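You will see chain A twice below: alongside chain B first, and alongside chain C after that.
And now, the complex of A and B:
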């Protein structure tokens, strides 16, 4: 067939090199951040030694280093990697689905929903639950926690989406999400009000976020669930591109909107739910990373954005975890605090930049 | 000059179609209907009607964006509702009035989305897909800014990009809701010319709603006239104008459609009649000037008479004005003519 209404011309060259370079740079960045994250901590391990250990060349100088790297640092760095990619991908999907630059797992109440799920499991589990419960309850406990958090996140997401069908305005939708988050938060507060202090403390510890509590089989569970979530997201890359134009146009392009929307919600809930269940709420990653990725790669094509957000999210959380070690000190800051301190300025940048763009 | 020859299957057909909204508590709120419509391959149809008559509702219903309240709707002989989304997307493309907020998406990336129903699971492009996108960019004049982000475009540029996306979709049927909004006059003319050309050369069936009555009357093969009464009239624009249906649809207090010029009279002159002698461009523009001055130009004899120069252009002639008890005067421009007539207007003898 010949092209429709005008003589064919050669397709213009795509800015592919820039995208490839950007993705490659991100891979390198993730690698560096990963090595640095393993090296930093109360006990400094030389970077070269870390690199050698990670590449499997030779054993560590001493058993202590070997133990620290394999039993503590490596699982933690892997958790950061998994959590960062998962949160970034969930945020990207939400921003596209809601066509709202301020959408993210926390802004629309997903994190609060997961928190409610966790709170319910802790309440049912009686005393010693919480982030530590992952270790105490064993694999069965972690499954229960993941399921509860995912169910909580999915419940909130479904609620927001049901309301979204009646609301066309993005700003109103964001307010709806914030209100749902607020109600969910209030329920958790109510539960705390009627709970024993030690239960509250467990929950409070959980809300600080922790990457260090996930090891061994729990890490395998988390990685599997997040892997499934990211896989679903990658399968939705083409529908996500169509959804950029809004539902009506997406449908006119042949997209089965309801099915795609369900898949995207499922993926987002799996990602945000499981990560929040294991690591506690980690703020702003899901909100900020998609914007940074779009700016860095200069594209809105989800076939590029999804891998890009994965890598950048991993690099960012690894970097935040490095900062949380407060290099040169014995103190470790809660990860949620660090990501929020770094993420809030990014959100401000997005908000302040927007009117300039639309006025241009 | 070739005319589209009607083919056995209409690209779009509606029978006893009732359009409207399912209001609160299940009480339907019909806007118009029952409508009997057919859109044939190779024709450009303009949907015209006053504000609030239901043009957008009809267009959105035909596009499958909103459900009809009743009646049958077929696309290429198949009921629209029975077509799967992918099949429908290869039959019918749309341009809506809703604003697309697509931030970092570049013009080219947006137009490439038009190939969505033609590409596989991963959305990989064949040479044909690339060529279609490029042709759409060139035809709409958007190739010039193909790499700019959509967020930086003006409303008019966006309109053209959305049209390019619909063209890249390469469907036999294209529905456009007010595609001329936000465009300046040269761009509106170019758009209608392009659509007309697409209908002629590729046999596409194109329906667009617009408020550009002058242009629509010139470009449309047929007009669907949707008056506020909700009973649609279809036919070539000339028939609708001459039968008075067009004037009736836009009937408004103090506003008259002039079938002689195909325009709405901006002025409702109440002054004395002036006989206008002459023809061509000079006569046309002199007539306009007289109307604006509040005079009523007529062909028949009147107390005042204005003769226009035989040819338009600078220094080609003079306007002659003659009045009761006043010798013929020469005027070198319409400005001078109006001044002289204005002076006479002040004269009680006028």
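And now, the complex of A and C:
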């Protein structure tokens, strides 16, 4: 049966020019959100000065302004852009693959796997001397964390891929993902129980999510991996369209379902794993943006939906980051809190506006 | 208790076998004949009801009055200290032999207590939710000293009290000055009947601290200092009422958040709010558990732009970290604010004191 969140037959797409205009409007929105995100922050910098610095016209009035714009706000806005588009695309792929409107990047247990990796570095670490040795290397804050999170996500991905080869039913796969998340969550809780308060605090800070601190080589790696993931997703646009009609139908259209499924899972793993590794968990973007994109563009064609979700995801995370700055204050709210606070009502709105029928 | 902080010369004479609280606001000690009454003002959080302890000479009958007070027989002959600070209190008063249990072996630095641990004379009871009540009930120490963390409440140690083991809540963290924190040693002194020793040793620390602070506060040029290590977007810095801000004032430093107050004692600022200060600061102090510049830059390459990193003026307070990873700054340092202040003066104003080695701080290599 057709998934309930989609029109029952081939979707009556809006006319192509309107779709193009919709995408163009999203491009403009992303641009505006990006400039706004760089312009806002605890330190007041005039919009004009920010614009001049961004366009590379002349140096800043003082070193602090230059540092803030180039070393803090620009990398953060770029991270928001990359993370937002990546999470939205991975969410869209999961919802289509599992034909479940409530699926998201965390559906496969990838986010939980990344969290397990981070907890391994921060909490377990071999206890006492071992953990100290890791800390002395200064790795805890950067690459070790990223590598551990990536390894955790990759481990879960390998498990899911291996199971995907045997299990044909996507619902079973979804349940496997949820159970993996549950088990890793329990292991992390156990470690927390036996950890020192300062270690728990560090892990807790990680779970709040942060767009800051991803600079230079980190940002380059993140952008490359997310770029590859989105590339894979765009290449899967046609298989995704076919999967909308059900696996049997897709197979009758000549689609090599298993291969497509592997590619889609690989792409999602790269996206969700790398973003969680660098930024921590960022909730609800992957779940909410695909719904918003479908509503906005009025199409179910993934050749349009994928770029649309990309843009809307970027705009949404940039917007959330603007709000997280609490304009005029010295504090920044954790990004995961802001996205979840905004995301939950959005999902509610979508769900209530278009009543869900049973998806099975 | 005096309403305002007296100058060191104004110390009134204290009767033998008694002590007077001069700096701390979190507890009082009063004497009534053979008995002593210790009152802890905010045992768990600012609004928690005060807790009273009635110190009765061993073998004597409980006096009338104080129905809500817990009775402790003095002098205590064995002590379980859940935090390393409690070990420091005992060590300061030369009472290491009384330490029979600690929260965690890992967090003990005092050499004499470490020897006792190595000799198997100390048991480990855990902390918080992991507190090993069964072991404590079986061993039945004369006193368990616990830290009163916010949110725990007085019934947190009910099991132990029901078993007749007194639990003394030590909440030195409510104090806003280093001397007030150190003065909590007088609570243990009252339990040990060692008031004279505590008066003598604490007064020496206080006199030396005030002497150094007078030097520090007088300097004309006060270098700017940034404190702590950020984690991604958040940089926790101590607020105006924290003991660290007091250290910096007394060490003749300029501290940007010297007038900003926060209920929790520290400010959760965004990286961007602190970065402009760090960019031009003269010194950067207390960088987590790091010991090298390379490790600092591995956490975030952007720190390279901060002036203290360029000039090599980054100092961490972890010189006395032992093989277990336990930092003595939090243990013996809590009893010796004079030595910490001397370190800070040697770092910030090298011309002020005769050259000597740093005790708790070290430059990042």
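The definition used in the following text is that the second predicted complex is superposed on the first by the 278 of 360 C-alpha atoms of A that agree within 3 Å, B and C clash if a C-alpha of one lies under 4 Å from a C-alpha of the other, contacts with A are read in each partner's own complex, and residues count from 1 in each chain.
Just so it is clear, a residue touches a chain if its C-beta (ideal position, glycine included) is under 8 Å from a C-beta of that chain, and two chains touch if they have at least 3 such contacts.
If you're wondering where the values come from, they're calculated on a predicted model, not measured in any experiment.
In the overlay built on the shared chain, the residue A:210 is in contact with chain C alone; chain B does not reach it. In the superposition on chain A, contact of A:68 is made with chain C only, not with chain B.
Residue contacts after overlaying the shared chain place A:256 against chain B, while chain C stays out of touching range.
In the superposition on chain A, A:43 contacts chain C only, with no contact to chain B. Annotation: chain A has no residue touching chain B in one complex and chain C in the other. By the touch criterion given at the top, residues 63-65, 85-90, 92-94, 96, 98, 100-106, 108-110, 113-114, 116-117, 119, 121-123, 127-128, 130-136, 138-139, 146-147, 151-152, 165, 167, 169-170, 197-198, 201-202 of chain B touch chain A in their complex. Chain A meets chain B in the complex at residues 1-6, 8-12, 15, 99, 101, 237-238, 241-242, 244-246, 248-249, 251-256, 294-295, 298-301, 303, 357-358, 360. In the complex of the two chains, the chain A residues touching chain C come out as 41-43, 63-64, 67-68, 71-73, 128-129, 131-132, 135-143, 193-194, 202, 205, 210-213, 215-217, 325, 330-332, 334.
Across the complex, chain A is touched by residues 106, 129-130, 231-234, 267-273, 275-276, 279-280, 289-292, 294-302, 305, 323-325 of chain C.
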